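Chains: A, B, C and D, in written order; residue numbering restarts at 1 for each.
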Amino acid sequence: MRRVRVLIDCNDEKGLVYKISKVFYDRDLNIENNREFVDREQSRFFMRTVVTGEFNKNRLRDAIKEVIPKSANLRVIEPKKKSIIIFATKESHAIGDILIRHEAGELDADIKAVIANHNTLKGLVERFDIPFFHITANGKSREEHEEEVKRVIDRYRFDYIVLAKYMRILTSDFVSHYRDKIINIHHSFLPAFIGANPYKQAYNRGVKIIGATAHFVTDDLDEGPIIAQDVIPINHRFEWRDMQKAGRDVEKIVLSRALNLVLNDRVFLNGNRTIIF
Amino acid sequence: MRRVRVLIDCNDEKGLVYKISKVFYDRDLNIENNREFVDREQSRFFMRTVVTGEFNKNRLRDAIKEVIPKSANLRVIEPKKKSIIIFATKESHAIGDILIRHEAGELDADIKAVIANHNTLKGLVERFDIPFFHITANGKSREEHEEEVKRVIDRYRFDYIVLAKYMRILTSDFVSHYRDKIINIHHSFLPAFIGANPYKQAYNRGVKIIGATAHFVTDDLDEGPIIAQDVIPINHRFEWRDMQKAGRDVEKIVLSRALNLVLNDRVFLNGNRTIIF
Amino acid sequence: MRRVRVLIDCNDEKGLVYKISKVFYDRDLNIENNREFVDREQSRFFMRTVVTGEFNKNRLRDAIKEVIPKSANLRVIEPKKKSIIIFATKESHAIGDILIRHEAGELDADIKAVIANHNTLKGLVERFDIPFFHITANGKSREEHEEEVKRVIDRYRFDYIVLAKYMRILTSDFVSHYRDKIINIHHSFLPAFIGANPYKQAYNRGVKIIGATAHFVTDDLDEGPIIAQDVIPINHRFEWRDMQKAGRDVEKIVLSRALNLVLNDRVFLNGNRTIIF
Amino acid sequence: MRRVRVLIDCNDEKGLVYKISKVFYDRDLNIENNREFVDREQSRFFMRTVVTGEFNKNRLRDAIKEVIPKSANLRVIEPKKKSIIIFATKESHAIGDILIRHEAGELDADIKAVIANHNTLKGLVERFDIPFFHITANGKSREEHEEEVKRVIDRYRFDYIVLAKYMRILTSDFVSHYRDKIINIHHSFLPAFIGANPYKQAYNRGVKIIGATAHFVTDDLDEGPIIAQDVIPINHRFEWRDMQKAGRDVEKIVLSRALNLVLNDRVFLNGNRTIIF
């Protein structure tokens, strides 16, 4: 018995659910899980179905293709571990959380390598027998640095790049090259406190809640589609370093939660927004 | 153009989505919103679909009936205001929240009457020109009291009874009589602190979070299917009366949220659990 | 036996707690509650103490004055109901929440009057026998409108103006005139989504959490010191009107919570931040 | 310049703040941070003050002793790393979180050893060069097993035992021996779902929120004083294993947060409740 995830997004039109479920019914497949959503403003249809049964994957894909709009995005995916590369700088909480999940077999991904612009995390990463590449940015242009990074990561096949508190801004070129494949954790409740040192900004503004945001990386700094967010309450006793310390727990949990959603093919892009099933 | 909510729960079997969506497709109906869920452990299927188009409601119901199991529960409901009766005692926060929503036209229900075993809320309720019945329980057996209450409420047609901090326990008979129609707010995060004075219990246990639970009322005190819950953090500075005061905000919001879900036909019973679409 | 709240904020210096508590000790007063905080960055000291005993209020104030810096802010306040004026526009949830608390005696304030630039809420407010003034802004300059508003409210003695979803921007002049006395609820998690229609902004940005912020009003729109904030999770199923509807619960609870803190003299201003005891 | 934490709990009496702050003032000490609380029901006073200056620690302790009740608990503590022993079973999330913090220098403790009744975590723990002792409980009485455990841990000096998902119940004898020194994480929002498999219990009860509780261990299972709690929302799509998976994030964060509070001497016991400064 096989199991696949069928992911469809396309312009909405009458009968989509009927036609798609007919494809499954005609093949005697079992629908294990089914989620749909129509963005009525954009008139766009999203569907994620897990089906099981006896079938040929390519023929199933072709059959679905026949009944949905030509311009539809269709993915028929076997549930298996994906591959990721992690970028980090100095802080260990976000990458540490991923390493522990990885070690426990709870992450639906293999970590292929860790790239860092500082050497701080080398010890931690190598404790887990994962390749660590220290690629300093000192004395290099942004482009030169990224060129070096690319040379290293392109040795690997990977599905996603995870920025686990990578404190550098990526160039447009780099981002375009790995379009929809880069996930970042920003240490604020976006769109509040875009840019550098959000905790200092939060302290200065006197907010009573701080948060973190996991998002896909696009050209615009901290403007990409949001996957997950969470917050914690703070009070006047928190100096900005206390916020930073408390915020780390939110950052790592939000990043891991978003990563988990992405690895399970639960995230659809919808313009600058996301659909999460 | 008509709009109805189609609500189905039945034993799961292959092809349900296909067969039901075929009924809609054959009638050229538009699916405005569709939510499904299969409880795999119980092998039970739940579906809530909003369809629009030109159709005869009874014939649509019959057509759906043909394709789902004989034992299925099927409701085809036109979205319109339901009717409710509110039971209260002395506290005004939960009923007050409902009254304000009602006055603003934000509650999808008409309040037919308020029944209270004390006279405290008479002034408030009558400010809103809603019939208020003070039915004291003093000197009456539980059964006698409920008999009087029944005589009053049975003058009205109503869909739900809302216990908005009604501080009395209902008899089995009463509960059976209005089966699946009574919604209660309990002032704790159930199943913690069942029974009397949960805030005192919470204080004595030294919890750091308190909450409230809206649930359908069944024979077993505070054991009915949960519709909604929420919590707030507290600390050692809270005496039990402070918890009670802070808890009121959670109670009223949770009750109103649950009521809203029920009034919009978004709640399915699944044994002692609920499915919320 | 008397009870007063002693509120002190001043530059920090060694021995403040000792000297102030000595004043209480020498008069045989009982400290019922004591909260202190030192903002180490600003080197500023904040203290709120509730003392009970037999004493002359003015002499107590004079004695405390002697031991704290000349430039200190000192308030010795008897706990009694304050007076408020509410400004509103059309929405009833925030004002409704305050009216219900007021009616129940749970608000530590008398509502002197409600001012609205539309007539929508007249019915609701008058149900509670509270003076309602409809002062339209149509065909008037901002200054002219505020002049009329001032003429009405200046008939009353009041401590605070509460903007309960008052959808107009106040002039600098008005704000300066009632400095530190105007409390607003903004329907976003500030500083995200400053300005008009924050729910539409939130929808467009694709956030996964929305919130509300209660703050003192200053010259800069939505930039005043924050008193309270809270949030709720949302998802891709929320169109902006759903966010608006769900957000109302947060707005009203956050405003009432902030108002309660202010009315109980628990809020200190500290530049653009607040200390909440 | 020295810095100490002064921790006092005693019966409340008039003048305590004055007398204690006089001790600091007379020695020209600086109060860096001061928190007090009076449990009015128990008439009990709690104080945590951080003072800096030039002083002899023992003489300071003696001076404070003079001015507080004979029966008071007084601790004058230099802020330095404490030592902990971790007990675990098979799950890695809670211990993993502590190991990552430890490695980053963010835990105010040295981990002396890890004791586990299974061998599963040996690899993970040894990656961090921390002694791991597999002490199986198979074929041993509870007492025999604990005797072995004791023999191992008593080689170390330690301040606290942290039960990081240690799935065994400790005997009264063991608990008494390490009174107020054992911290546990329970995978439910206590007092809901005491005992075995709280996630299954939660699933069966149909709750909409799950949580975790960190508490001191006492004789009564899951009845000890609560240090920290937190919750996350769930819905009908969560089977109990999904709850378990989602709950792990709450468990580890709550345990680490509680541990951090304890290690910083911020937790006072107050009967079966805690005061957290």
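Assume a contact is a pair of C-beta atoms (placed from the backbone, for glycine too) under 8 Å apart; a residue touches a chain by one contact, two chains touch by 3 or more.
All figures in this text were calculated on a predicted structure; none of them were measured in a lab.
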**OP:** Superimpose the Cα atoms of chain C on the matching ones in chain D and note the rotation angle, 0 to 180, in steps of 5 degrees.
**Re:** 180
**OP:** Note whether the interface between chain A and chain D is symmetric in residue numbering, meaning over half of all numbers used appear on both sides, and answer same or different.
**Re:** same
Original post:
Is the number of contacting C-beta pairs greater for A-B or for A-C?
Top reply: A-C
**OP:** Starting from the mean Cα coordinates of chain A and chain B, work out the distance between those two points in Å.
**Re:** 37
Subject >> Centroid spacing, where centroids are CA-atom means, of chain A and chain C in whole angstrom >> reply: 40
Original post:
Among the residues of chain B, which ones contact at least 2 other chains?
Top reply: 40
**OP:** State the interface residues of chain D toward chain B in the complex, per the touch definition above.
**Re:** 37, 39-41, 189-193, 204-209, 211, 225-231, 235-237, 239, 270, 272-276
**OP:** Please give the residue numbers of chain B that touch chain A in the complex, ascending.
**Re:** 14-15, 17-19, 21-22, 24-25, 28, 30-34, 36, 38, 40, 233
Subject >> Touch list for chain C against partner chain B, complex >> reply: 91-93, 96-97, 99-101, 103-104, 106, 123-124, 127-128, 245, 249, 253, 256-257
